[in-house]
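After this come two complexes, each holding chain A, first together with chain B and then together with chain C.
Our next item is the complex of A and B:
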């Protein structure tokens, strides 16, 4: 019973991975799904550092990118028939390179956690990114390097020319990688990573070198980041300096943080959300990075445990069966809050827009008319006020939904 | 009785200030030894020197005939020397059970393993539950340890120190800040779980010291002025002047 319950999450995860392209089958959707699988492994590997090991890294893209570069080189070697193996194993090559890089860099960067570690990771990130532009024979300079995944032996008849074939290959890799990253958290090394994050000093007094514990997590994290890089190489068939520089490092930090560092599932949620924003929002607005930044700020300030933490907050109410009590209060606060955000977005977009007529939610607004601005500002102010006013009822509803009735086993 | 821990002319300077000024002390295997002294005498510093948190300036510390001075804490801990802290020093966001289980890992030979699944280590998990039972926190096993009441956190602190079944246990003011009844319980607990082991204890409460200790050392301004059985310490003129007298007059 317990086993089935435990496995049900994994079965659900596998099914979701496998059926997703049946529901979202456009070319764009498949491409987004492919990006998601890469992002999920990458974000989970990042959380091995930050969430589980307490190591704030600003240079995690190094392992992703190096894995990816070597993977593209492997594709080129396969194409030139220097080596002969199926491209399905390319992510493993990425993983090995990520691991080797992590073994080398981790040997000195994991000496301390905290600021020292963060600064070293930043330095290494910059170092590798700028080196990659200098050593252009290997990294291809600004243009990067590209390969072709359709060479080499067929894998059970597949040549992986189609994106959907790559998706299923990625789905298998992401599923296996997720299982192993989860299992790692359940081992002595994984648990001691938590202990060292909490209290490195005490960990040393129970027999563990905090540095070595960090080093092991760091290497495991590099391995999985490299696998993600290998999948990236297979999916895009090219890789550039941008994939190992600070932008990519920053993005994976955002994914893990917005998803929720304290939960294993958090980075998965973050990877899905950010990939969606990255691919969809960018079609609608050039300012999508601004919205991403605002979302990150709001998450840090109001949801420090991320989206996963927000979902888990409702556990008590769920167990109590009082979740439905929260529906109406959420709506009462949610509607003005939504109005507030749409009005804010309108103002931001109008400020940035250079056109005569601004199309927004089916309306035609004139950004040069004072009238439009006055209306928009009135909506912003009014909806902000309404949201503020409604917070009290939400807080009260929250309290009553989570109230634990006095029972025999409650603590006296 | 053989000697388990031997300090030979240990000195420690912080800058120009000499905190520990040539301490020599032999702890016998199996004894309960209390270290007392006024505030600022250097008791905690002495603990830090023995357990590896600080390096000594000079002198040697031998544990089971191996020199351990200036070794990192984890190497000393692996030899079988465990300690608790004056200020509660636990893993606050791990639950109570995990705190104890982590403390058991090294001594049960799991080392840095990433191929054992903790959930399947029945023997290890039973041991952890057994320790929880001893320290009276079994019903709090899944509670985040940072949210425990103070006395319970102190009990957990003790549990982490004794879990690994170390031969020598060093407790730093284990009952500080507890109410009278809590302290009584804690002393019973300490006696119970350190049975058959060597215990060194820093404590300010003289009733507890004279109740628990087989021998007492008195540390004043970084120097040991006496090491003896409780009744001789009570009678010792120097100790009375330096320490007990101070208590007697102020009481």
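Our next item is the complex of A and C:
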């Protein structure tokens, strides 16, 4: 039964990957899906470091970017017919480069975890990003380099000119990469990575070199980051310095953290949420980065285990069958909280807007009238107060829903 | 040659002392709470922007006094309502929190002040050449920057080693529980140190704003360099931070001022390459070109060969 249950999760994942473009078939949706596949691999590879290995990296984009740059160079070589193979294998090239870079850098940076590792990764990240601007023949300077993915031999008749074809190729790569990353967590190396994260000293006492364990995780993580970079190169057909600098490194940290570090599925959730925010929210508001920052800080403060952790919090109640008891309390807290956040967004947007009439959620607001502001502020204050008041009943409901019955009761 | 050297030294000194103002707060906060505050340079940027706004209405000197105070209060609030909450989730969560804070502050600044560069000027009072050497002028404002930085360094040193509060702080770093048992409010001390540290960063922003231009990217420019300094100097070591600040400031200044490159070196050993050589970028590398990456190179080397930094004792 356990095996069937596990398999059904994977089959569900595969089906979701394959069916997604049938439901979301616009050009924008396909491009978002493509970004998602790249983000999923990248975030999962980051989780191998931070979530499983306890190594906080501020330079993970190095492996992503180097993989991507080499992948674009491979595309150029295919175009010039210097080498002859199908572009479907390009992500593998990215992966190999990511792995090589990780072997080299990991050989000295994994000696310590914690702050030392974080600082080395920061230094390496800045070093590589700045060097890439200096060596402009190879990295193309500020403009980056570009290739064309339609050359080379056809792969079962596909030339991958369409984005949808690239999507299916990415889906296959994502699925395989996810399986391997999951399997890695089940290997002794993956298990030991957890042990070293929790307590390196004890791990050393039972005979494992903490450094070696970290090094293995680090290399595996670099490999998958490189694969993500290769997919990026295939999808966009160009790559710039931005893909290996601190911006990309920061973004992947955000994804993994918002999704939830302790859980395998966490980074997948984070990658999906952030890609959606990135592409959809940016259409509605120029201030989406501000909201992203606020959301990130709130997540760190109130959901230290991310969204996945929030979902998993309900496991006890789910097993007990008392999840229903939580529905009404959640609504009582959720409605004023939602009102509070929409009103806050309205205030932020109104102060940024310079137009006479401000359209918000189907309403026409006048940002120049004091009346609008007073109403908005009253809503903010009132809904904040209501949310705070409702937290107590939520906490009570939470306690009773998660209450483990005494052993006496269960016996009788 | 001599004039280049002297001016490079003076400019390096200005940059180094400025960096020290940031690094001192950062290293103090680290030795107290064990948190590397990623948002430290963001408070520096906030200082510059607040001072710019104040200087628009009242004047530069009012900004010099009030902007660091505002930044310090903000910093204390961040510690009280943000960091303290995250503290129980562990060090990684704290680092990630300050990382997110840096991101958020940059966005907030763009939201409030806009994306463009602000025309933040230093006062007319300091707009004269302090001295002229080999026909080149050294502006009074730079002299003022040096004076302020050294003044702050002396004050900080005196307060930390001689005053009662300084002794409590020092004790709280190593033995927080004992200090609490003696009846001192340790969380309040932490909040105070965080506030003072961020206020120092704000002050650095106020005086650096007119010279290094006030724009939303100014935190990113200095942010990681300050980290480099704190790590190279040895985490938690104030004296180490001072040495490393001057070292980095001078190193960058000399590298920019010099005009030697790979080509000169190759000429020296009698090797030359065609322009079409695939590694052409490497053979034509010049020292000013690599100046921005020198600190990071130094950081990686120090961390690999001496993870505790120059004067650090803390082994993790």
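Note that the second predicted complex is superposed on the first by the 406 of 412 C-alpha atoms of A that agree within 3 Å, B and C clash if a C-alpha of one lies under 4 Å from a C-alpha of the other, contacts with A are read in each partner's own complex, and residues count from 1 in each chain.
Keep this in mind: a contact is a pair of C-beta atoms (placed from the backbone, for glycine too) under 8 Å apart; a residue touches a chain by one contact, two chains touch by 3 or more.
Treat the numbers as computed from the prediction; the structure is a model and nothing was measured.
When the two structures are aligned on the shared chain, A:118 is found in touch with chain C, with no touch to chain B. Look at A:281: by the touch rule set out above, it reaches neither chain B nor chain C. Contacts of A:206 after superposition on the shared chain: chain B is touched, whereas chain C is not.
In the superposition on chain A, contact is made by A:296 with chain C only, not with chain B.
When the two complexes are overlaid on their common chain A, residue A:198 makes contact with chain B while staying clear of chain C.
Between chain B and chain C, it is C that contacts the larger number of residues in chain A. In the superposed pair of complexes, A:189 makes contact with chain B only, with no contact to chain C. Of the two partner chains, chain C is the only one touched by A:131; chain B is not. Within the complex formed with chain A, the residues of chain C that make contact are 36, 82, 85-86, 89, 91-93, 95-97, 99-101, 103-104, 107-108, 110-111, 220, 224, 227-228, 231, 235, 278, 280-282, 285, 289-290, 292-293, 296-297, 299-300, 303-304, 307, 316.
Of all the residues in chain B, the ones that touch chain A in their complex are 51-53, 72-74, 77-78, 82-83, 85, 89-94, 98, 101-103, 105-107, 110-119, 160, 163-164. Of all residues in chain A, only 183-184, 186-192, 194-195, 198-199, 201-209, 212-213, 216, 220 touch chain B in the complex they form.
By the touch criterion stated above, chain A contacts chain C in their complex at residues 50, 54, 56, 58, 108-109, 111-112, 114-116, 118-120, 122-124, 126-127, 130-131, 134-138, 246, 250, 253-254, 257, 287, 289-290, 292-294, 296-297, 300-301, 304, 348, 352.
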